Amino acid sequence: MMNSRTLRSALVVAMVLTGTGGVSAWAQMMTPVGPQWWPSRWGASDEAGASNWMTPEKVVEAVKLIRMGKVYSLGRVYEAGMPMRGQRSYKLTIPTIPTGGPFGTNKMIFNEELVTAELGQVGTQFDGLGHIGVLVGSEGDQNAMRFYNGVTAAEITSPYGLKKLGIEKLKPIFTRGVLLDIAAQKGRMLDKGEEITVADIQGAMTKQGLSELKQGDAVLINTGWGALWMKDNARFDSGCPGIGLEAAKWLAAKQIAYVGSDTWPVEVNPNPDPNIRGIVHQELLIKNGIFLHENLNLAELSRDRAYEFAYIFVPVPLKGATGSPGSPIAVR
Amino acid sequence: MMNSRTLRSALVVAMVLTGTGGVSAWAQMMTPVGPQWWPSRWGASDEAGASNWMTPEKVVEAVKLIRMGKVYSLGRVYEAGMPMRGQRSYKLTIPTIPTGGPFGTNKMIFNEELVTAELGQVGTQFDGLGHIGVLVGSEGDQNAMRFYNGVTAAEITSPYGLKKLGIEKLKPIFTRGVLLDIAAQKGRMLDKGEEITVADIQGAMTKQGLSELKQGDAVLINTGWGALWMKDNARFDSGCPGIGLEAAKWLAAKQIAYVGSDTWPVEVNPNPDPNIRGIVHQELLIKNGIFLHENLNLAELSRDRAYEFAYIFVPVPLKGATGSPGSPIAVR
Amino acid sequence: MMNSRTLRSALVVAMVLTGTGGVSAWAQMMTPVGPQWWPSRWGASDEAGASNWMTPEKVVEAVKLIRMGKVYSLGRVYEAGMPMRGQRSYKLTIPTIPTGGPFGTNKMIFNEELVTAELGQVGTQFDGLGHIGVLVGSEGDQNAMRFYNGVTAAEITSPYGLKKLGIEKLKPIFTRGVLLDIAAQKGRMLDKGEEITVADIQGAMTKQGLSELKQGDAVLINTGWGALWMKDNARFDSGCPGIGLEAAKWLAAKQIAYVGSDTWPVEVNPNPDPNIRGIVHQELLIKNGIFLHENLNLAELSRDRAYEFAYIFVPVPLKGATGSPGSPIAVR
Amino acid sequence: MMNSRTLRSALVVAMVLTGTGGVSAWAQMMTPVGPQWWPSRWGASDEAGASNWMTPEKVVEAVKLIRMGKVYSLGRVYEAGMPMRGQRSYKLTIPTIPTGGPFGTNKMIFNEELVTAELGQVGTQFDGLGHIGVLVGSEGDQNAMRFYNGVTAAEITSPYGLKKLGIEKLKPIFTRGVLLDIAAQKGRMLDKGEEITVADIQGAMTKQGLSELKQGDAVLINTGWGALWMKDNARFDSGCPGIGLEAAKWLAAKQIAYVGSDTWPVEVNPNPDPNIRGIVHQELLIKNGIFLHENLNLAELSRDRAYEFAYIFVPVPLKGATGSPGSPIAVR
């Protein structure tokens, strides 16, 4: 039903648009995450976000970090029983063994698997640009839901994958990776709801001998929380330590491409401000096109004190997907 | 019902086993693909196959091939309408937009996708060690279906993913990659059913100035057939050019790790011998633990005459899967 | 982006609401399907529509039509390869055989099936009250999409099933069924795009000796088109004969509960008016709460000249579903 | 690997077959559930089991029990969070709202749902003839897994649904239904693991004034356990009261068609004999073709002391499925 709140929104929109000339007025409006953030630094039609930092120069820079040839798999195994949010699910079945055959005098048989899952948003998951948005008007209005580069829900909606900002639009990630081992710095697993500050990051960098973060870098944050994975899923899912808005803004100002962590949301949860939810996602994805990689396994990197490496991840190009499964690697 | 054929098989098995002492006799038996091929060169319990060639030394060798920092995405986009075999399927839906929210005063909203597919065996697909086997006894007997390292169907069967030989057992692929551009060599797209011979491979190597294939290499074979992808799917699926058993044996003798191509089975289809089906898969996967990567997009590599590069692919670690989706990259 | 069309809609809404006192003004507005159709005859909170006609008296009336004890299954088998609209899909797999066991000394084994489908909207399908709506304002505004009883998309939206108007809200259908054999009357399968008129219906009733349609009846319309099912799926799907808006209004005036047919949309397709699509669905479902049952197999009823019978169908109570699979039966 | 147990089985089979002329000898073998139970009373090729009792005469008999026109829905709503066994799952999503449209000047929009579930084996579920079998030889041998009418796993196996004994082969169930209210008789909800005996059944019949069970009847057993559904799922799933082998044999001797209950397996669980699992399923389904209907809601029937009624259920004809979803109705 049309209610007073909807009416108010309609009137506000009408006034704004008619009174001051449309888009320019809109451009000055505040949204729940701050002033208008589009067009993006890569232009009004960009759908690749910070993967645009993946230049040949950046690849060459990253390659120089590979000396020993040691490869770290940072992805978790996708399996029944892994931690999962809300009603997300993961199922893999084998449709009979063998699925086909025997064929020919060589009696070939084959198997295959049927996967049903919120892939891209279960297990180790890479958040793409269509994953997170902000409502800037009335609830239920797809023209008032905004994503990266100001794209609206109305522009991307389709039952069969997003029409814009799909994961297949991104460039492969091949960049300098940096581990910020906050757990090592503090000498303990961080707590649920414990916010990692800029000071924490700077402290870890100093301790690790890292002089700088550079444009296009992948920044991995070890909180120790990953030790709970498949060990205490209930606690793992109940919240986590992570960066807050302050650190997100500081990282974004460095023009990094990527933040990963050993927690499910990268950002601190619950937020110290109980009225806030997912604001680091908004700051990074919507406003800066910076990606998040969740549920990484950073234990081996931490153990080896591997703080700088080539970081490689190619999103699975599922057309119109909001995220991607897959295991990134660190190589040094 | 128990029929005469089943009886005959039972008696043969009984005789072999009782007459000569079990496994040793079996070891001398011929199977539809030749003599017993196990234990593997990496031991009787190995489940990683030729990904074992991925040593730090191999990584360092591959890294030396990266000079310009140019990255080629070799994977196709996964989408409705792509060529698909048999009753395989691919579906991606967005469970309402937004899937969740708005939450908080920051009015965060999020989307996710639900994927249902024979992932690992649709689109660009990487064949793992549990994908292909051979029947060495009676049909319907899971103890008579053999895979890599002699593993039986009985040993791997589970509704929820293979208990052995799952894709998650493999090491990340980071190796020297080589493009054999047979289409360029012949000056045309090869034909359906046209077998690529050892002579063809050697001819292409000579023309391209490639002196050798090395242990652990990834060998990509461009047939030109990929030009039909999403252009003429019916023809694409109707068969293809590719290597036959001769070339597969020759490549396996080089101890390469990997064969990829721009066709759906890598191997020639239909086989020149009409009684044979999928024998290259058996030769490579079962007997040698060498992987296949199908439906690659090799056009850009071919256009750039990029014949040597670092080849990187990390299978998505879907527990117990027979294959993996994802886009490999060539970097040089 | 906020465009002039959206602006216009916002202003119209604002004017209507502020100028004349809200809902009462709205009540006088015309929508694309006519004047406001809610609240329903069963009250403003009703979610059961014409299944409310299923009273004990109606059941007793229907039971009297059962004399021989002959049961007709009117549903099609759900199977791969059946006609399907758009990107709808149907997949049933067996997750290995056996899926479980053997268990116990009694060596019990079991199988199960995994189904992935747009169930409720594939094969023989029953359209519920959340299936069809009408946009009465701006595109993208979930408050402007209206369904039965005026319910908005905003009120029912949820990723995991509709919050209102789900199929589980309906009462079991147990009523008098009537076959209108238009194909028999015309002596031929009707054509694609051929509209069945009120005169056709009255002619068939006269020929069949049916004196009346009663409140709560299930009306089945045989067009002969069902003969194409699994025989010529391309033609079956390309369009069909069926009732148009005139007949739908006439049937609705009789206060029937149900219209079924041997075609995929019950209604004529394409509509004789090329600017119209699915208007019979809107007339029946949205405005009258009358259900549609599609892809029925009416051949045997037609062959037996079975024109009056008990009609029984219990929707599968999938919470929040828009429709239901299943086979209705006619019994006489 | 071929082991001594497999060898022993092969030799046993070989001896039996060669020594005494094949099938006739086999016919005299004991299986884990007793002597050979096939061919069925309806012939060697029957796939309909006790649904063959559904004759016109039986329908007419059942119809006579309908006097008031009161319809009871006995099925549970299918929903996230319902009790589920093992790794079975149920997911229903709405692929955006609207899934399609607006179309035409009538601005039609539509929604649909995507269902992924082990339908037929989740929620209220009807067990078909391909659901339960028995292993009569070596594990892993599909020729040694037997189902109703002696059909082997090898005969029915297919990735995309059973080739024989699929649910679509059954006749609609329209029969006399009888409620045996054991909970009412005992004045309490029965306990987990409490076996319902023939004496219990006879006692309930006497108390309820039911003189007999007849060929083709549907027998519903109320244990009170259903009160836990969605109230205490953990306890509901942990076991249940139900009939044991004694009562199953007694019921089968009456040639009934159907046993339903308000528990997940109909039969007592755990079985008083800890070495036994699912033996009532085997007795009813495999040996007698009698169906089970699980997770029924019998509370309203019990409250109304409705002990005799028409029982109607039409399995959803999912080709090759092991079971069916859907809500049976009792009408009186």
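Labels A, B, C and D are assigned to the chains in the order they are written; within every chain, residues are numbered from 1.
Quick note on the criterion: contacts are C-beta pairs under 8 Å (C-beta built on N, C-alpha and C of every residue); 3 or more make two chains touch, one makes a residue touch a chain.
Computed from a predicted structure; not experimentally measured.
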{"item": "Farthest chain (mean CA position) relative to chain B", "value": "C"}
{"item": "Rotational angle, Cα trace of chain A fitted to chain D, multiple of 5°", "value": "180"}
{"item": "Interface with more contacting C-beta pairs, comparing B-C to C-D", "value": "C-D"}
{"item": "Where chain B and chain C are represented by their mean Cα positions, the distance between them in whole Å", "value": "46"}
{"item": "Chain centre separation (chain B, chain D; CA means) in Å", "value": "42"}
{"item": "Euclidean distance of C-alpha centroids - chain C vs chain D, Å", "value": "30"}
{"item": "Multi-partner residues of chain C (at least 2 other chains)", "value": "80, 87, 91, 93-97, 100, 114, 116, 139, 142, 153, 157-160"}
{"item": "Contact set on chain D toward chain A in their complex", "value": "80, 87, 89, 91, 95-96, 99-100, 116, 157-160"}
{"item": "In the complex, chain B residues that touch chain A", "value": "32-33, 54-60, 63, 66-71, 73, 75-80, 86, 88, 91-94, 97-98, 100-121, 130-136, 139, 142, 145, 153, 156-162, 168, 171-172, 174, 271, 275-279, 281-282, 312, 314-323, 325-329, 331"}
{"item": "Chain C-touching residues of chain A, taken from the complex the two chains share", "value": "1-2, 6-7, 10-11, 13-14, 17-18, 22-23, 26, 87, 91, 93-97, 114, 116, 138-143, 150, 152-154, 157, 159-160"}
